Amino acid sequence: MFIIMDVHSSEADIQRVMDRIRELGFQPHPIHGDTRLAIGITGNKDTSARVYLESLPGVLQVIPISKPYKLASRETKPENSIIDVKGVKIGGGNIVMIGGPCAVESRDQTLRITEKVAKLGAHILRGGAYKPRTSPYSFQGLGEKGLEILAEAREKTGLPVVTEVLDPATAPLVAQYADMLQIGTRNMQNFTLLKEVGKLGMPVLMKRGMAATLEETLMSAEYLLSHGTRDVVVCERGVRTFASHSRNTLDVSVIPAFKKESHLPIIVDPSHSGGKRESVIPLSLAGIGAGADGLIVDVHDDPLNALVDGPQALLPEDFKELMTVCMKVGSALNRPLSAVPKGS
Amino acid sequence: MFIIMDVHSSEADIQRVMDRIRELGFQPHPIHGDTRLAIGITGNKDTSARVYLESLPGVLQVIPISKPYKLASRETKPENSIIDVKGVKIGGGNIVMIGGPCAVESRDQTLRITEKVAKLGAHILRGGAYKPRTSPYSFQGLGEKGLEILAEAREKTGLPVVTEVLDPATAPLVAQYADMLQIGTRNMQNFTLLKEVGKLGMPVLMKRGMAATLEETLMSAEYLLSHGTRDVVVCERGVRTFASHSRNTLDVSVIPAFKKESHLPIIVDPSHSGGKRESVIPLSLAGIGAGADGLIVDVHDDPLNALVDGPQALLPEDFKELMTVCMKVGSALNRPLSAVPKGS
Amino acid sequence: MFIIMDVHSSEADIQRVMDRIRELGFQPHPIHGDTRLAIGITGNKDTSARVYLESLPGVLQVIPISKPYKLASRETKPENSIIDVKGVKIGGGNIVMIGGPCAVESRDQTLRITEKVAKLGAHILRGGAYKPRTSPYSFQGLGEKGLEILAEAREKTGLPVVTEVLDPATAPLVAQYADMLQIGTRNMQNFTLLKEVGKLGMPVLMKRGMAATLEETLMSAEYLLSHGTRDVVVCERGVRTFASHSRNTLDVSVIPAFKKESHLPIIVDPSHSGGKRESVIPLSLAGIGAGADGLIVDVHDDPLNALVDGPQALLPEDFKELMTVCMKVGSALNRPLSAVPKGS
Amino acid sequence: MFIIMDVHSSEADIQRVMDRIRELGFQPHPIHGDTRLAIGITGNKDTSARVYLESLPGVLQVIPISKPYKLASRETKPENSIIDVKGVKIGGGNIVMIGGPCAVESRDQTLRITEKVAKLGAHILRGGAYKPRTSPYSFQGLGEKGLEILAEAREKTGLPVVTEVLDPATAPLVAQYADMLQIGTRNMQNFTLLKEVGKLGMPVLMKRGMAATLEETLMSAEYLLSHGTRDVVVCERGVRTFASHSRNTLDVSVIPAFKKESHLPIIVDPSHSGGKRESVIPLSLAGIGAGADGLIVDVHDDPLNALVDGPQALLPEDFKELMTVCMKVGSALNRPLSAVPKGS
């Protein structure tokens, strides 16, 4: 840590700060500039003393140097993590495609769509059995019945399934059916949920919060990792800005920044960020171009009757086109699509 | 609802939209402008058909007119709601002051601070027994032990207590000890928690999410109201913007806008929005000036040793000054401080 | 336009609004819903009466339907515009590469870098002679001397030159030397400058403002187009958000949205949006993936000694890599690089 | 400055950085922490070497300590500046009220409104002769004719006049008529304009840009101050955020932060930030509560026919109410209204 002293701090202020640093068991290193004193601090194991030091009279600013995340940090683990979801590899240079309906609406709808998506080459199936909805009056998902349908879709296609966990109470149930658990954007800082899901030890797909900084996103991944999971994939799905031409603003800049800070894979959700079918392919390619390890995409074969987010769902033929262009662009970038699991 | 048709939509597109509107049991009202066709729709009870209609070919935009919130809406209940928390009235023109430590750190610390705060005229005590922390390695609160301490503080001061509920599992326990339940900003869209807390039927203080729109805030209040609570107070605590001179950007504009849309009271948290002791009084007065029904403020008598958010806590003498200026400004605006409950 | 009346508006309020609409020479079309009255308006040529109508008692909202931009709108001109800058075509499916130093620092530096950039296949040269700097104490550019150097670079390479115009007074001078005039992000709503530059009738590269909506961006293009220029290229260079992991947040979503609304080409500046060399190639590919018609990139062969924005400049070898991957990805997407002008 | 070295930087990297610091004529002070090396730098007069140092291999981050603004900084001048505009004092604890029409529309309209505003106790008159408009098709102001009308209003009321300067070419003309020159929000980083207006040496009211940080705002004030003006008043008028319930988000937090950093006065524009008449008084009181030195408010006596921003203009009777509540609140806070100049 560094402490920057106020230009007008007194000798007594400075002495007090030096004393307190030593009392904490650390070493102060004063550096006298032309107009200002700075004090380097060594010997501290973490930054928990920051709050204390910032409150001392004459202290202008305390600048932490250590990162608050450990397990998620690339400094701890320099090589890229490759997450294995029932044989599908996420991370490591390949591109993984996750597709399916936003919500499990019925057995027929889900089996129909997931079969098409599987035939078109998707690696993992998506589908929500528990849906977080802004309005209490909207469709909230089929619950366990939806999980059973997803399990059936997995049987039929041989592909693993990712689905959202809404709360700690239903997490164990969801874990019985799913191969990967999803934390939604509105729950990225639901810390009780993160702890409980972490304890289940399964692969987790964690969506970045709508207004989460990169550091906060990594800290939430740290919650998962420090409670038992080793396998976390982060998903950029757009942040909230003044721009109203898209539902959210897909933050592609976070992808190289995330990869610099962390060894974990990061994928992109072009459906929820853009909110419109016509922008899904452009945003998918933007994500791949920026270095994302894959995509998670809403697909529906009857979007006019979809109960949730119909306008943003790709039709199966659009998904086919998406697979084609991703393969071409991935190939141009020497990042092929991941291998499809054998049994499928 | 209104439908705006694309300038280049075909006769068949238009006919299809008209047919679909009638099939849904609504009435279409086409209005032919110079360059564009608009279609008014009547007979719809809600806006659930919006998604469907937006997907029809030739439809440029669907504009809902009805509001998605009912119970929280001023259209439903034109007069201001006054929430009663064990005799303390929130709303209705008076100003309510909620004060106490950010976190319950120990029995001694909590009783000491709450006694001071009570003597200085606060109406309600605050203090967190369960703390949502960005880092898994930070102090997470004393849990039930903290709740017992809060109950003792209530006994000693005669003032009601508000404290945060972090998850559905501990909600009933918190409800046994607290007089008002707080939903934190990171949980504003934790819908399972909203439902469970709503069912408890107690007064709720719901903090606005860091990137929540006014409509989303009202929809989360609607979750609480539609599940059993009648008494919801919303709290503006700053939103996330590009500005880094304060921890968050206190959005005072939301106060008159909220009051126009809803009959519920709204208060301001000047401590977490600013993040610095020196800005607490200016932001408090800004909130009162904008029309807030009260304040919730961190107070600590030893902020250098506070475990959570020490730099933003007011000292008891600062809280005294805050009480004084709020009383003066409130009096100038004909909005006196609320009455303190009798027993205290 | 549509007018939405307040639920509690009186008969007199409604009658007054109907009368005013007729007085303005328009036709009102009342539509009585279950709870609310809406009034469609036809016969209005523009939306200038909106402000007036919004002020009438009982009016909740006025919703304009017509777009405020005409010349920039795709409704006015459905096919893509292709801008010709001394033989280089921008728009129409190809990818154009603009490269060079951020600032013209010296004759030697500029000729050296532009020669390398030209050899590597760039289509247009960039370089600032007049630099807008946040600090009055920073290097402000070489001025006319810089323009002469740029002209010499054009002679030597055969490539056209784009350079920034800072104010109306120097615009005619810049126009004598440059082939395309750049409006900087901080000047996107400097309307006097837009008018003067528009009158010069030359191709213009207009950067989107840091907090400009899509509509405002198109309105600024409209300023240029309505004053004499036919050839406007818009440049997305990142918007300001809470995210601090990159200098600005590159808004790739604006690219498909812009192309839907307008026939003008749009390119991406990956250097100023990311602010770091290491993110230039990922953001470039993100832009191309999202559909951008080209890139404008800072290149420097001695970034440690660059006077402006050194950390974000690509080295010539990086630019070579960028050209290679853009060619590959463009080829995968059937969007080849533009042809290089003959003389070069 | 401090340099933070990458955890994985080599000995050679470190040596190179140390050498470069010495070559620049500065002194390096290495501080070896447990995991990381930091290097304090003394002897540098400014932060211009930052860019250079950040580019060196192994350097993770360079943290400047000195502030880039000098003349605007409270470190340079600890006491509050009090700006004198023809006898009206801005800053120093009093509250100044600036009122008048958004735009000068006609002689009659302007004289009528300014007379009312003056009678109600305003200190300074406002009114735009040159209007920056988002659309090229909107009313652009009366120009010099408008300036003449403003001068006449000054004669009749005895109050000084502030009006906007749109470009360098018309600045000298505006300076002949006005007592204080306004820089609009869209021109806050129009550096040529800042330089030219600074040279005129008159009091300047500079509006904060819609997405300007506090530091950028102070740097723009620094442009004015370093070119000749001594008298700069900054105006907070709302920043751009995701919130759509108000036109912009009034950032009251910037007021205490600004006052900490700078000796200059800061006022609030409640009209343009909120965009609605009904929010003007709440936002005015929020600004005063947060510590603003005054307000600038749109007033119109016929807002239905106003050519610019009618819906946000206060009626004269509203302005009277505003004066009354500001006087009461100011009095409660021991911050009375400024004295009205004698001649008026």
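Assorted remarks:
For reference, chains read A, B, C and D in written order, and residue numbers begin at 1 within each chain.
The rule is short, and it goes like this: a residue touches a chain if its C-beta (ideal position, glycine included) is under 8 Å from a C-beta of that chain, and two chains touch if they have at least 3 such contacts.
Values in this document were obtained by computation on a predicted structure and should not be read as measured data.
Relative to chain D, the most remote chain by averaged C-alpha coordinates is A. The chain pair B-C and the chain pair A-C differ in C-beta contact count, and the higher one is A-C.
The distance from the centre of chain A to the centre of chain C, with each centre set as the mean of the Cα atoms, comes to 31 Å. Distance between chain A and chain B, defined via averaged C-alpha coordinates, is recorded as 27 Å. Each chain gets one centre point, the mean of its Cα atoms, and the points for chain B and chain C are 39 Å apart.
Residues of chain C found to touch two or more other chains are 211, 239-242, 244. Residues 46, 48, 51-52, 54-56, 68, 132-138, 166-169, 186-187, 189-193, 195, 210-211, 216, 219, 222-223, 226-227, 239-240, 303-306, 309-311 of chain C are the ones that touch chain D when the two sit in their complex. In the complex of the two chains, the chain D residues touching chain A come out as 2, 4, 7-8, 29, 31-36, 38, 40, 42-43, 45, 63, 65-66, 75, 78, 240-242, 244.
Those residues of chain D that touch chain B in the shared complex are 211, 213-214, 238-239, 241-246, 249-258, 260, 273-274, 278-279, 282-291, 325, 328-329, 331-333.
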